[in-house]
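Structure incoming, see below.
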Amino acid sequence: MRAENYEARNHPPSNEFEINFGPNHPGIEGNYALKVKVHGDEIVAARADGGYLHRGFEKLMEQRLWIQNIALVPRICVPDPAPMEVAYSMAVEQLCGLEVPQRAQWLRVLLLELSRLAAHLFTFGGHAATTGMYTPMFWGVADRDLLLDLFEELTGGRVYSIYNIPGGVRRDIPDDFLTRLSDTLDYIDSRLPDYDNLLFTNQVFVRRARDAGPVSQAQALDWGVTGPNLRATGLAFDVRRDDPYLVYDELEFDIPTEQPGDAWARTLVRRGELLQSIRILRQVIDRLPDIGGPIRAPIPNPLAWNVPAGEAYVRIESSKGELSWYVVSDGGDKPYRVHIRGPSSMHAVQVLEHLVTGCRIEDVAQIMFSLDACPPEVDR
Amino acid sequence: MTDTEQFPVRVEQPDRNGGNIFSRVFDELTAFCRSRSLFILHYCTGCGAIELPPAMTSRFDMERLGISPMVSPRQADILLITGYVSVKTLKRVMLTYEQMGSPKYVIGICSCTVNGGMYWQSYATAKKLNDYMPVDLYIAGCMPRPEAVITGLRQLMDKIAAGEANGWEDYYRRYDYYLGHQQRLFGETWQTPTDVIAEARHYGLFGPETLGDHTRLLEQHQAPLEALEMQLGLGAPDEVKA
Amino acid sequence: MSAIDYKKSGSILNPLKNLSFFARPAITEPLEPRRASLRYRGFHLNDWEKCVGCSTCQKVCDNAAITMVKVPELAEDPLNGVRNLRPAIDYGRCCWCALCVDLCPTGSISLSREYVHTCTDDQLSSYFMLPDPNGMHKEFFGEGWNKTAENDLVDPQRQAMNEMAPDARIANFDEIVAGYDRQQAIIEASRCVQCGMCHDACPTHMDAPEYIRAIWQDDLEEAVRQIYNTNPFAHTCGRVCTHRCETACSVGKRGEPIAIRWLKRYAVDAFTPEQIQAIVGTGDTTPTGRQVAIVGSGPAGLTAAYDLARLGHAVTVFEGLDRPGGMPRYGIPEYRLPYDKLDADIAVIEAMGVEIRCNTWIGRDITLDQLHTDYDAVLLGLGLQLGRSTRIPGSDHGGVVKAVDVLRDVTAEIPETVPASAVVIGGGNVAMDAARTLARLQRQVHGAVRVTVSALEDFEHFLADPEEVTEAREEGVEILDSRGPKACIVEDGRLVGLTTLKVLSIFDEQQRFAPKYDDGDEQMHSGEMVVEAIGQMSDTALLGEALTERLAWQRGRLQTDDDGRTSEDWLWAAGDMVRGPDVVHAVADGHRAARSIHRALAEAKMEERAS
Amino acid sequence: MHWSELAIELTLMPLVAFVVGLAMVLMMRKIAARLQRRVGPPLLQPLYDIVKLYGKRTQTSHGMLHEIGIVMAVGGYVAAETLLPVPGMNGIAEKGGMITLLYLTMIPSLGLALGVGQCANPNGSIGISRALTAMLAYDIPLVIVIAGVAIHFGTTNLVDVIAQQQAGGIATWGAVQMPLLAIAGLFALQGMLGKQPFEIYVAPAEIATGPMVEMGGKFLGGLFVMQCFQLYTASVLYVTLFLGGGENWIAFLAKAFAVLVIPMSIAFLFPRYRTEDMITMLWKWPVVLGLIGLAFVGS
Amino acid sequence: MNDAHLPVERLSIILGEVKEVRVTQKGPRRTRLDVAADALPALLELLKGRAGFVHLSAISCVDWPDDAQFELVYHLWSYELNLLVSAHTRIDRDPGVYVSVYDIYHPAGFFERDIHEMYGVFFEGAPDMEKFILTEWDGPPPMRKEFDSEGWVNDHFDWQDYRPDWLLELEAQGGGVMIPPDEQRFSRRGIEDNDDAG
């Protein structure tokens, strides 16, 4: 009998087991694997193994027209697709020198923050589930689903909104959308005490999350950690504020930070970001009605669109961290080269290997989820 | 290879028309219970998996249909292929599928399991799931909403209760066909730890198409199974570089 | 909501507060699928009435999910750009991005709010679906994502064409239309969705999608090569073509069609005739030893000459007037088609080895029988150079002239007294040409324009192109619709004007031409000249009586087989005299006749060899 | 008692335990559903699951010990049920008593360890080592509690314990007489059931359901049956020790289910501890409480 | 560092010390540097040490088969200056070997590994050049321009052959599939033309 997930019988007697953590393992986020060598309960060596979700996006995008790629890009990170769309569109706009209308920029912020909110709700649930508490997962996903309803209403799709195209967005908000958005935000607000009671002030959870997978600020910088994971080490850096794009410089929001850089700090940073996202969304609700104008800059016929030769490097703060797109055009109707730097490609590979080594098997899943690793973004 | 002596497989041929009334009632009861209790393997092969958490959790609550996620292939009844399977994943999916206990059901959701979906040009993903394993049900969408998934599962339940979801038998009956496609993709030396041919004999599902050119090829290349060496690559970096 | 201190270790009792959820209801949705949102992207719908089968959806779908399927029961109408193809969607590929909706030129395709489809392995064919207006399972769930002004990716506006202002153009015969510059042409070319409706509708089936794409890629040589595949009158057609292609254009279904004519003009204008000749080459130059005579150097004749010369035949073209070009030269005013552009076309054709003999009237300088004996084949490519008369009282007066004659005289620079005022009878493009030509002359000579056009048709059914009407008005021409000519008024031997009656109807119940007038509504339009522009015919006197007897005729036109061959096996006919007045039809006819002649000559050669 | 009556009782008691256990599993899943704001499984779901698992056509066994292990796991509980008095049936409770029962409840874990060991899955091995650790952890307070009860009532015979409690109504219930031990007993109960925060040996996200990872078909079905018995045993034991057993079936069932509501509600509101935290937890508070309680009892 | 200077100026002062680097200002926070392959590691070291460019955002590889070169782009971010610098360098496509900058930037480990498996560029001195994503791929490095993914796919997979009832009906009437999807794909136009030519 041989199987992927185990084989110990034929091994010489040893205290060391080798375990494939994933790809089919509930403690792994998505379809990803971590091969670990355990001594008793302790992990002595770890090796990340990706590629289970590899689709060859960068190659596919070189084969498709600029416009056709808008359908492709949100698939790169499934739990948080909106930043991918926006980043790709922004890159093409930079190459073409397209000026995106104000209203479209606000709508993009709306989409991005909704997506961040949804992604964080999902992550909390996942993180809690790795510690054996499933109720936050059930709640979080159900509450996220209300946000997906909003996505559906706004963009026509629950998960893959395909809402952005180079030049702007595809549709304006439907009637009364802002009211419903506001209601949903109120509802989420009203749910937050429940989450606090259940998760964020749960002694057992705090005890488990604290000191799990700690990263110091020096390590974080050394390993290229970004996003909430970097902010959990005390560095208040956010692409939205420090390398602003869209209309983030007109919005008020704080950057939550924590010092210790462990799973609990990361969770708290994300909780803070959730609140900030709600705050940003409320500002959007206030400001959007006053911003008129078109939602889309005119673009040429997409079937015959040669984007001027050049390169663009676009950075966006996704819910996982710094998302960058490097897009090169040779003046043709298809991208010449697209390189996607998913934030998880740092913390789901090298950082995860580092953090897992030396910890105990029960914390592996928790560390991975608290880092908010997104395997499809690593595999692309 | 599964040593069939070591892993005895109980064979019971359901005989819907014959048998005494008790065995018929018992068969009906089993079929009914099978349809009312479905364990889905918790394996997110692709992006469609993002719609499974909503389907399983409070908003759409699959458990009211008796469907719950399970962790290991041994425990599961349903292999849910959620969208594209990369070639690398497909190997694991095949191993998983062969390890699942019969009767087992495969559901292909999303476009990608049918004809390659939007990744049809990609060198990394498999295109037609039913080339590699029998599929009982497809759910259309990219990705299907939780409601669609639930509707599909309800249809599967009806089919199981009616004794129609027998795709897994096809895998034994036409093993050569499926193995051929696997070999085409994974290379001639592809082999799995399960002795499907022996199992087919045990289930009484050995048919004229169980064996063929591809199984002969398998026998030629078949290596005695050894423990999977773990490729940590931590010990010998020089070797790796070369 | 306040921040939580990292150092707080939480409480063991707080989670227990959530026991209150025992008293709170479940939020689970019912098992039956909910209705999707108003702009949901579900399965496809396609309005078969609106769909024209242009396959744009197929082109924008790089999942290769769309197959165009022929539905024989649907009507096909190439002239209006309708094919009986409909898209079928492969849900094993589709990703519901709705780009097909956003880019559909007609707006026929949309996505529904239906989203549930399941099937077993043996029903997998149901994943391949031919969308109709009803929905995937014959149940209408409502339209979801559809075409709105917001998400429409088809640009309905064509690039504006620079034209001379009325003041600037009225006093001269300079070309009005400036033509596109490079930027404009590339943008205009980029609007094309490459459906090929234009190709189907064009009488000579020009490869418009190909040359438009070449223009978009800024590869004008390729564009010219594509254009000359099917049309050696590119300069001419780029200016005065009746552009059936633009009528059929699928972008024109909701917006302005692609300016295919102007793009063609842009492409060929970029080169001198020598350059064009170098691009298109000379074809097969091995002489076949066969000789073909072509009567008339209009588009039909010269197109045939071009084709035959490139096939290696020796071609001689006989032209009665002193310059080649036929009706485009003598029937189209210079402000629409400058003579040097026509000369450019003819220069390319001549460069293929075509000999053009001007001032050679068949029947006067040389007889048709002579041609019959001297040449292996003879092609008649006569224009409609004789004007028809209204035959109303007073129309025999010397001041009543035919429009074709006016135009010809202007081209031939035959000096003539320019009337201070004129009335034009007719509502077609020729009437407009005559009126606008007269207007220019009046402006030059008298300084003021006094031209009245009286047309039978009302403006809703006008025969002339709308832009012609607009431009004529801009130039000071007065245009009256629904006026039937009654009589030309002659006072003291001097023509003073035309009286017209209000038209009640033009056709009778059998759709025959039988205008009815309101006798009570009579108007007098003063004019020193009355121009009749109500139709033309060709001068077939050169055939001679005997031949005329032998040939078949229909409604004054020579009857030929589909390829232009008459009942005489040595004689072919093409162009206006067969098809009616239209440059591009004449070109198409020329190609057909040339093919037929070439085939006949080849057959004859085979027979010779056999014998 | 006539041997035939005894035989009937010995058959009926596990059967009753199984049926009640099924209902308890259902209750657990319904409580989870309620707290998670959803509907939850249909009424017969636990039964469907078990019948389905036994009806699977593939029954992959990993060897003799694998099968024996499961038989031991279920059998241990079946035997235990005959030692737990229910209204109208005492089975062999009088002959067994608490101590035997305590031993019997350990057999399933050991059986599982045997069976899982045969599967050679490292996840299973880790799971079993955790399960045994957990057993070690909750056994200390459990032993203290049982000792306390035995001392208090002066007997290890459960029938006597019940009789003594029922003699004076609620006032003589173990819970009233020995509140500290009752609380310590709740901790032990939570640990015995292996529910959060003490659910360390299933832990899907860590060791992929540990002991269950290689179980399919009837083996998994056996574990499901075992779960029914486990819930029943733990609950009835607690009822017997502290809540006066069952005066009649209605009271008995009401108490048995009511007892289970507590661990089940807690289970879905907490994550699991790390192993060492669990041991610390179980060896600290319940033991302290138990010892104090024991001191009261002893005095 | 002198705070009186704007970030961009501070950067240019530092860059002034380096020879043979071409600086292009692409935006308020974007600077492009073009540098020879052998000078790049030193430049990175300088940028990290002197200008606080501690964050290696990404290394992108661009394949230029016409020039027989790979372009490597190192995107660096400075948390102090809030500036992004993209250092471009070109290496020969054959043999496609370059030095690893793992010693300077640890994130390079991942990117170099990625470029190695996708383009076949070997980085000398990298701690780990083992495959990560394409462990079970034995074809050529797929991201190279000459690798035709679609061709490979057509060699290795079959497609569904749908025979729905409506199609059979239409075929009986004389209709049916007229334009299969492959025939009208704009994205393949150039490629197929070349195939024909070749």
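For reference, chains read A, B, C, D and E in written order, and residue numbers begin at 1 within each chain.
Here is the rule we use: a contact is a pair of C-beta atoms (placed from the backbone, for glycine too) under 8 Å apart; a residue touches a chain by one contact, two chains touch by 3 or more.
The structure presented is a predicted model; accordingly, all values stated were derived computationally and were not measured.
Common neighbours of chain D and chain E, by the contact definition above: A, B, C.
Shared contacts of chain A and chain E, meaning chains that touch the two of them, come down to B, C.
Relative to chain E, the most remote chain by averaged C-alpha coordinates is D. Each chain gets a centre from the mean of its Cα atoms; the one farthest from the centre of chain A is C. For the pairs B-C and C-E, the count of C-beta pairs in contact is higher at B-C. At the centre of the protein atoms shown, by the Cα-centroid criterion, sits A. Remark: chain A and chain D have CA centroids separated by 43 Å (rounded to whole angstrom).
Annotation: 53 Å between the Cα-based centres of chain A and chain C. Averaging Cα coordinates per chain places chain B and chain D 35 Å apart.
Within chain E, residues 134-136, 142, 147, 149-150, 160, 186-187 each touch two or more of the remaining chains. Annotation for chain C: residues touching 2 or more other chains are 15, 18, 26-28, 36, 59-65, 90, 92-93, 95-96, 124, 127, 194.
Counting partner chains per residue, chain D shows two or more touched chains at residues 33, 35-39, 62, 204, 208, 213, 269-270. In summary, the structure contains touching chain pairs A-B, A-C, A-D, A-E, B-C, B-D, B-E, C-D, C-E. Those residues of chain B lying in contact with chain C across their complex are 58-61, 64-65, 111, 113-118, 120, 130, 134-142, 144-145, 147-148, 150-152, 154-155, 159, 167.
The touching residues of chain D, counted against chain C in their complex, run 33-35, 37-39, 265-266, 269-270. Chain contact summary for the complex, chain D toward chain A: residues 32, 35-38, 62, 120-123, 125-126, 196-197, 199-200, 203-208, 213, 268-275, 277. Remark: chain C residues 26-29, 31, 33-34, 36, 43, 63-65, 90-96, 115-121, 124, 127 touch chain B in the complex. Against chain B, in their complex, chain E makes its touches with residues 127-130, 134-139, 142, 147, 149-150, 152-153, 156-160.
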